[in-house]
Amino acid sequence: MPEEYTLKELMVVRASKEIKDGEKVFIGTGLPMIAGMLAKYTHAPNCVIIFEAGTVDSKLLDLPASVGDPRCVYGASTCTGLFDIFSMLQDGKIDIGFLGGGQVDKYGNLNSTAIGEYRCPEVRFPGSGGACDMACLSKRVVIIMKHELRRFPAEVDYLTSPGWMDGPGGREKAGLVRGGPTTVITDLGVMKFDPSSKEMYLDSYYPGVSIEKIRENTGFDIDCSRAGETEKPHIEEIALLRNKIAPKGSLR
Amino acid sequence: MKGKEISITEAVKKFVNDGSTIAFGGFTQNRHPMSFIREMIRQGKKDLVVYGHSSGIDLDILVGAGAVKRAEIAYVGDEQFVTPSPNFGKAAEEGKLEIQDYSNYGATLRFLAGAMGLPFMPAKTMLGSDMLKSGSDKGKSEKKFHLMECPFTGEKVVLLPAAKPDLAIIHAQMVGEGGTVMIYGQKFADDIIAKAAKEVVVTAEEILPEEQIRQKPALTCLPFFEVDAIVKSPFGAHPTSCYGLYDYDPDHYKIYVKAIKSNSFDEYLERYVYVEHREYFERIGGVEKMERLRADPVLGYSPNLKR
Amino acid sequence: MKGKEISITEAVKKFVNDGSTIAFGGFTQNRHPMSFIREMIRQGKKDLVVYGHSSGIDLDILVGAGAVKRAEIAYVGDEQFVTPSPNFGKAAEEGKLEIQDYSNYGATLRFLAGAMGLPFMPAKTMLGSDMLKSGSDKGKSEKKFHLMECPFTGEKVVLLPAAKPDLAIIHAQMVGEGGTVMIYGQKFADDIIAKAAKEVVVTAEEILPEEQIRQKPALTCLPFFEVDAIVKSPFGAHPTSCYGLYDYDPDHYKIYVKAIKSNSFDEYLERYVYVEHREYFERIGGVEKMERLRADPVLGYSPNLKR
Amino acid sequence: MPEEYTLKELMVVRASKEIKDGEKVFIGTGLPMIAGMLAKYTHAPNCVIIFEAGTVDSKLLDLPASVGDPRCVYGASTCTGLFDIFSMLQDGKIDIGFLGGGQVDKYGNLNSTAIGEYRCPEVRFPGSGGACDMACLSKRVVIIMKHELRRFPAEVDYLTSPGWMDGPGGREKAGLVRGGPTTVITDLGVMKFDPSSKEMYLDSYYPGVSIEKIRENTGFDIDCSRAGETEKPHIEEIALLRNKIAPKGSLR
């Protein structure tokens, strides 16, 4: 039975909608990269994909395996290194950053360093990389996560990438000059942050996913009163993903 | 051999000491100086302090060989194959490795301060992160950061201490006999790391007469005097990619990850590290593998790579 | 016109305001955006605040035209022809110009801080100099520097405030229709100045299709989005040099200096500034002059220039 | 009557001797550039000439008119910009800097900014440029000056480029990490600095120049007890200058 779309495809399509035409997007390896390419092929042909390893607005004929992949160079506007790219970010020139992580809390603070005690952790993650930089310095942040109870704790074990910190005014107090997370896209639905309380709320749930299931997999109280069903991907988007962007089977 | 060229054996012997602070060029699965690192393991170097930003198999293989005491890094991962890199993850979880975490920009700025002869670099990143809470880890750096108020604007700024490793190892596509370095594709932070280090060894796919490399001075990223020794090392970044020449090697990454996950890393080392240069190529797949990884000269990578 | 291209008249009208803070690319007698500057004079712009490092005729001609209120610079000279540049020297001696002096590295670091989105940059230069005694000059910058003790080493460090000009004007050999900039030869601090500025106009000898300029992304020094407008301006750096295309013009420098020394700068402006583009070339010596200045493609300059 | 050598040629030859083989030399426009080229053609073939505008160790087939001249690029090891070059200097990688100026005092402090009151000076000079940077950051400094009373005052009107400041310990107090002037080459003779007092003394006078003349043209007491006659240039050096390095007449 040929599926209409896979869960990962739905996530990627939803993530791509976060990118507006003309925006400069700081993107990491994996789903965000595919979302960025999809946005470029659909509603945001002039979005600019930037990779921290050194390239700006490359042609991306083939999906890169990392942000430092040789595939990131072809047709780029410039090919340089981390220093130039992150300095643009710090100077406020990047609109949106895509982030993942091991844990996220209700204020969108992310942990991609370690679970348990820092010095001898239960689980060690790869570390910040550019994630903390994006979280601190891009104009807004979109988070892509697996939605599991242990990944959505009341408080993250290690705060790698600042979200709204401890709520309103938290970022300003820390000395951050802009930014903050706006959207969390998981394998169950889409969360946003309340403009005044800065707390995560459910914006939409995927077709077939119950609000109950989302509550069960979230380690803090989450307001679900504003939620509706997530829009399904269009057939053209799925076709683009399968035929042009993602290598065979990578979004299964 | 002409100019600054020496053999990889001599280079490791001469420049790496037990306990050295050391930084490698490259980025996750791209252009790491792997042939140099394998020789370091063969020579049994230990107690190393590794400064990095986006490490991968470079740091991981050393951790697996028990050569690393401490890592000051931002990221250690092999992208789609496994994150974190498996030996690093294991050592961290067992508390066997001192780790100091920075962000990628933070780590880069520490090298930049080193390259500029400054004791620190200011930044607006890492603010609010626990990386600025874990304070002063034990080990070499006495102070991990310093928070201050900007005397011009009053805003909060973090100062990050300079990184000045004893040694930097960079793998480049080309180097002149005198040491002038040319890197194609992304430079990552290689030029900055090299300038920050007290000594620099460049392993390169090709060594050219200095006059020839100087025909395009706008394309060189390190003047000759920044480089202390050069080593000819074709395919020296394998299994990581080398822009314009060869791609990363998915087969080898799978072998690497599997060896660690199945607790047979010693056998991996035996088969792929404690082995002659020529034999290494046979074991990774010989001439057929090299052809499969070979980059298209316009695209810079292997467009039909099975990955 | 395609992409970001506009005319030089529009560019000056749209981007330069009276009182603007502005920075020009180039270095003493090399690659200054002279055609843009002449148009600024024609449009009668005034009260400008110019940020620079190694200025020359770019700043000097504006000072002579009475367009500059304040200059924050490190150097203003025309090398073997005259130092300091004559209008600048005169205005300074008559107290008609607010001047704030930095060193070349200091001035560059101020732009770097601006380009990096930082409020300041630390340095180990200028220490002990009277440039760190003259304190806060009157004018826009409230504080010229701040001395501090390094929290890591205890050593003395000077913090220099970021320079973030309203506008940067860079003259390049080539620019893509979308704004990707390629500079041949020394970049000076042009890339840093452009990144520091709020808006950027690039005048260029050639405008290429964006795809074409992107065939060599390692050679570009500014990504397209850093550039707000581009202007086609062949010979736009004259009388300063433009690496790879034409040399500086000693004849014209002599005419320029003589005009000022003989108090006939108004006539100079009449003859060389208040004049149509095409007529300007005739007056500086026409096609014969252009041939004499034309650079050898390998050397990058005119090897037989009489100078 | 064909001269054996001109005064400027003598100065250039003497200046070139300051450069040891293999040293990295930060050089400005004019006489220092000619001295650097001469050193490279004679006793210091491996000295590295560095121009602040962005080039390292270029071939210099023709004498550049400025340190940013297109002539500085050919055959260079790298071609970049001010930031990279000055950062190497700050990092302690440059051995020797050549400086000129409008005034020099007995501690080798230089003024290349203004004579008289800063805001409305009698004479305005071009300003520091890279001079202050070289004076602060290179391992040692060689000064080339016209020897006139008004140019050798007891105290400079404006301290653009720090010499030994106010004597022993002066540089350290200011926060400078290395360096200081070692030699002053004028059109009358060669001065050095006493290692303990840091005061300028006469090391040698040119053939035909009296110690008296040097005293008359120096605005502070200068110890002349250690002085002998300056060595004359060799005929090969003059030939090189006239035939290969300096354009016709430029050293007359």
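The chains carry the letters A, B, C and D, assigned in the order they are written, with residues numbered from 1 in each.
Assume contacts are C-beta pairs under 8 Å (C-beta built on N, C-alpha and C of every residue); 3 or more make two chains touch, one makes a residue touch a chain.
Predicted, not measured: the structure shown is a model, and the values here were computed from it.
**Q** Between chain A and chain C, how many steps is the shortest route if every step has to go to a touching chain?
**A** 1
**Q** Determine which of the two chain pairs, C-D or B-D, is joined by the larger number of C-beta pairs in contact.
**A** Per the contact counts, C-D leads.
**Q** Quick one: chain B and chain D, Cα centre-to-centre, how many Å?
**A** For chain B versus chain D, the centre distance works out to 41 Å.
**Q** Which integer distance in Å separates the CA centroid of chain C from that of chain D?
**A** Each chain reduced to its C-alpha mean, chain C and chain D end up 27 Å apart.
**Q** How big is the gap, in whole Å, between where the Cα atoms of chain A centre and where those of chain D centre?
**A** 57
**Q** What positions in chain B touch 2 or more of the other chains?
**A** 117-118, 123-124, 155, 157, 185, 218
**Q** Listing for chain D: what residues touch at least two other chains?
**A** 55, 73, 79, 90, 137
**Q** For the protein chains shown, what form does their contact graph take: line, ring, star, complete or other?
**A** other
**Q** If I apply the definition of touch given earlier, which pairs of chains qualify?
**A** A-B, A-C, B-C, B-D, C-D
**Q** Going by the contact rule set out above, which residues of chain B touch chain A in the complex?
**A** Those residues of chain B that touch chain A are 26-31, 53-54, 73-77, 79-80, 83-85, 88-89, 92-95, 101-106, 108-109, 112, 123-131, 133-134, 147, 155-158, 185-192, 241, 243-244, 247-248, 295, 298-301, 303, 307.
**Q** Across the complex, what residues on chain D touch chain B?
**A** Residues 24, 48, 55-58, 73, 75-79, 87-88, 90-93, 137.
**Q** Flag every residue of chain A that touches chain B in the complex, lowest number first.
**A** Answer in residue numbers: 29-30, 52-55, 61-62, 65-74, 79-83, 86, 89-90, 113-114, 118-133, 135-137, 158-162, 165, 170-171, 174-177, 247.
**Q** Would you mind writing out the residues of chain B in touch with chain C in their complex?
**A** Interface residues on chain B, with respect to chain C: 117-124, 142-143, 146, 148, 150-153, 155, 157, 159, 161-162, 184-185, 218-219.
**Q** For the complex, which residues does chain C have touching chain A?
**A** Of all residues in chain C, those touching chain A are 114-118, 176, 178, 180, 195, 210-211, 214-215, 217-218, 220-226.
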